[in-house]
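A, B, C, D, E and F label the chains in the order they appear, each numbered from 1.
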Amino acid sequence: MELSRFEKGLKKLSEVDGHVGEHVIESLNDIAPDLGKYIIEFAFGDIYCRENLNLQEREIITLSSLLTLGGCENQLEVHINGALNVGITPQKIIEVFIQCIPYTGFPRVLNAVGVAKKIFKLRNLGVEKTIV
Amino acid sequence: MELSRFEKGLKKLSEVDGHVGEHVIESLNDIAPDLGKYIIEFAFGDIYCRENLNLQEREIITLSSLLTLGGCENQLEVHINGALNVGITPQKIIEVFIQCIPYTGFPRVLNAVGVAKKIFKLRNLGVEKTIV
Amino acid sequence: MELSRFEKGLKKLSEVDGHVGEHVIESLNDIAPDLGKYIIEFAFGDIYCRENLNLQEREIITLSSLLTLGGCENQLEVHINGALNVGITPQKIIEVFIQCIPYTGFPRVLNAVGVAKKIFKLRNLGVEKTIV
Amino acid sequence: MELSRFEKGLKKLSEVDGHVGEHVIESLNDIAPDLGKYIIEFAFGDIYCRENLNLQEREIITLSSLLTLGGCENQLEVHINGALNVGITPQKIIEVFIQCIPYTGFPRVLNAVGVAKKIFKLRNLGVEKTIV
Amino acid sequence: MELSRFEKGLKKLSEVDGHVGEHVIESLNDIAPDLGKYIIEFAFGDIYCRENLNLQEREIITLSSLLTLGGCENQLEVHINGALNVGITPQKIIEVFIQCIPYTGFPRVLNAVGVAKKIFKLRNLGVEKTIV
Amino acid sequence: MELSRFEKGLKKLSEVDGHVGEHVIESLNDIAPDLGKYIIEFAFGDIYCRENLNLQEREIITLSSLLTLGGCENQLEVHINGALNVGITPQKIIEVFIQCIPYTGFPRVLNAVGVAKKIFKLRNLGVEKTIV
């Protein structure tokens, strides 16, 4: 039997974000449950389940977009965790942020690195230091 | 006798924002009093006092614009309170935010809903749950 | 029989945007047909078909969000036409833009008014002049 | 002998952008030659020459960032061409844009797809149609 | 006799922008005359007439803000002309744009330089070339 | 002997930002040392060391750009301190923010003034009150 968009999205959400994503959805239950429903159905059920890009590529694109938007520190927190969950290394996450410098300037990159620093510490992860 | 722009604006400000708006203006007194004066005279005296849109419509437009800008959580706090003060229901405020999803994406909407959640709780307001 | 999300969205799209919206979708057919499908299903089928806001309110919110984003002149063109189609007067559309000045500054408002000017001329519509 | 940052950058620029990128630099010669120099040295010599991400990944991140910024249609033109030059398929480029929808909304994605449409036509490239 | 805000603003507007600014205001007459009135009264009468910054400093700040906003090419055109009118050299205008690179990235700076190039050519102005 | 870009940048950084800037760089050491290196080499070594604008002008442009971007409160904190360090008065900093109102609207200006208020208090600085 085919899964509904909601079921497909929920499965993809926990694949990517684990409990962190579920927590965001739960926090919407008493105020905007439809918003949580749309995130699961549309963002995760429709968009994340598409072909042509794998999950690591999707997280890299999402990180680049969130960094560039600005003011999305909470969402960066969810998706830096998501990126780690699907196997992207801490060093590669930092590299994604550095690639954005020519297009966004330093401030947005500094903010994104600040969020990563907090998460890497919580998850006890290090970044290999390499001065180019 | 005709009211000055400042007097008209101050009256409109307390009509919309009550004490919250006045608190913003007061907090500017020792650092940028002219900024407070311009907000009262121009934003509230000139713009909010115009015809062709009622106060509820002006708050809906303001909420849409602040959500879309991003990084305006403090101003959203003032104007979610303002929207409630002029009679917009909590459910309708959430609906305004949801209407923005196709144009801003989910992150800015999640941030705005987060501010609303805090305010609704402080004012002891609930949102009727309706899963579409 | 219940309409699918796509059918509901297509009906809503032509209610709001008439042929202009359909033209946008058609222009996507040979390059990103799924994008057109998502706009119909999600933006119009899911979001525009919700309760709690009428069509005029939804267009007002959309205009406010597009003006604030900036760089969305093509989408403003579609939705200024949409706003007129659902019965919002030219004068009220201009008033929506003016209400955004305190939050976005003048440049984005000037750009939006420029798009409106072109459309009002094409549709042979005037705005009652009233200097406040 | 080690290449200078400028030489490394120039080599990388033509690897990515071919003549299109060089044309941007040349157009700066009589007005802001240092800007062209910094783009070559910093963006291409320092950032694009780093390890940890391959060229395809760097172009995907750049496309995501430019789409999200908005108002960067000229730069999207350069980097959609760049993405094709380093072997990313038209279909994958469209997929990158679609992955951004949940974070930026539809307008910025529509604008980016519009630029891609023009370039794919000029380069006589098609996108396999697949309605999901 | 004291000048009204409108009179003060109109005088300042022609001091800064000459006929270009007046043209913007005139183009609003049949669609949003109040918008033109607010630009003259508030932007030029209130803000530009303040003390503590001279006209050259105000134009430099305005150029920096418009470049950073993005999608304001029309307004940059007005204010690059304004900057030249109040005695800022072409070379210094370019330098203002270059100072923004670390905060906005290259794309917005490239767009601003593109507008300047068009204006400098129309006004037959050159920039001294100096490769640092 | 000529200084390297890094040495030039480090010298300029402490001239502008004193210990605050160095603290930002240090905080990057264990997670993204290259980001700190690029800020020193490119932002301070290349851009801040250029001719045609003095340090006070560069800080004014930077403040205008950061205010306009939004979501850069941390960077505003560094550069408000920097502006004070290179001799810009508190009153003039506030005036820079006020000049941005017509281009960014009130919310971003309110946020920047909020950061300034905190810093002026920490450094025990007052702003002369002058209602225009």
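Simple rule for what comes next: contacts are C-beta pairs under 8 Å (C-beta built on N, C-alpha and C of every residue); 3 or more make two chains touch, one makes a residue touch a chain.
As the structure is a computational prediction, the values presented were derived from the model and not from experiment.
Annotation of subunit B and subunit F: jointly contacted by A, C, D, E, touch as defined at the top.
Touch-path distance (fewest steps) from subunit A to subunit D is 1. Compared with subunit B, the chain whose C-alpha mean position is the greatest distance off is D. Contact tally for D-F versus A-E: the pair with more C-beta pairs in contact is A-E. Both subunit D and subunit E derive from one sequence, and where they touch, under half of the residue numbers involved are common to the two copies. Centre to centre, using the average C-alpha position, subunit A and subunit B are separated by 30 Å. Between subunit E and subunit F, the centres computed from C-alpha atoms are 23 Å apart. Within subunit A, the positions touching two or more other chains are listed as 34, 38-39, 42-43, 46, 50, 66, 69-72, 75, 98, 100-107, 130, 132.
Chain contact summary for the complex, subunit E toward subunit F: residues 39, 42-43, 46-47, 50-53, 57-58, 60-62, 64-69, 72, 75, 91-92, 95-96, 98-104, 130, 132.
By the touch criterion given at the top, residues 34, 38, 42, 46, 50 of subunit D touch subunit F in their complex.
Contact residues on subunit B toward subunit F in their complex (touch as defined above): 24, 27-35, 37-39, 43, 66, 69-72, 74-75. If you check the complex, the residues on subunit A that touch subunit F are 70-71, 94, 97-98, 101, 105-111, 113-114, 116-117, 120, 126-127, 129-132.
Only residues 100-107 of subunit C touch subunit F when the two sit together in their complex.
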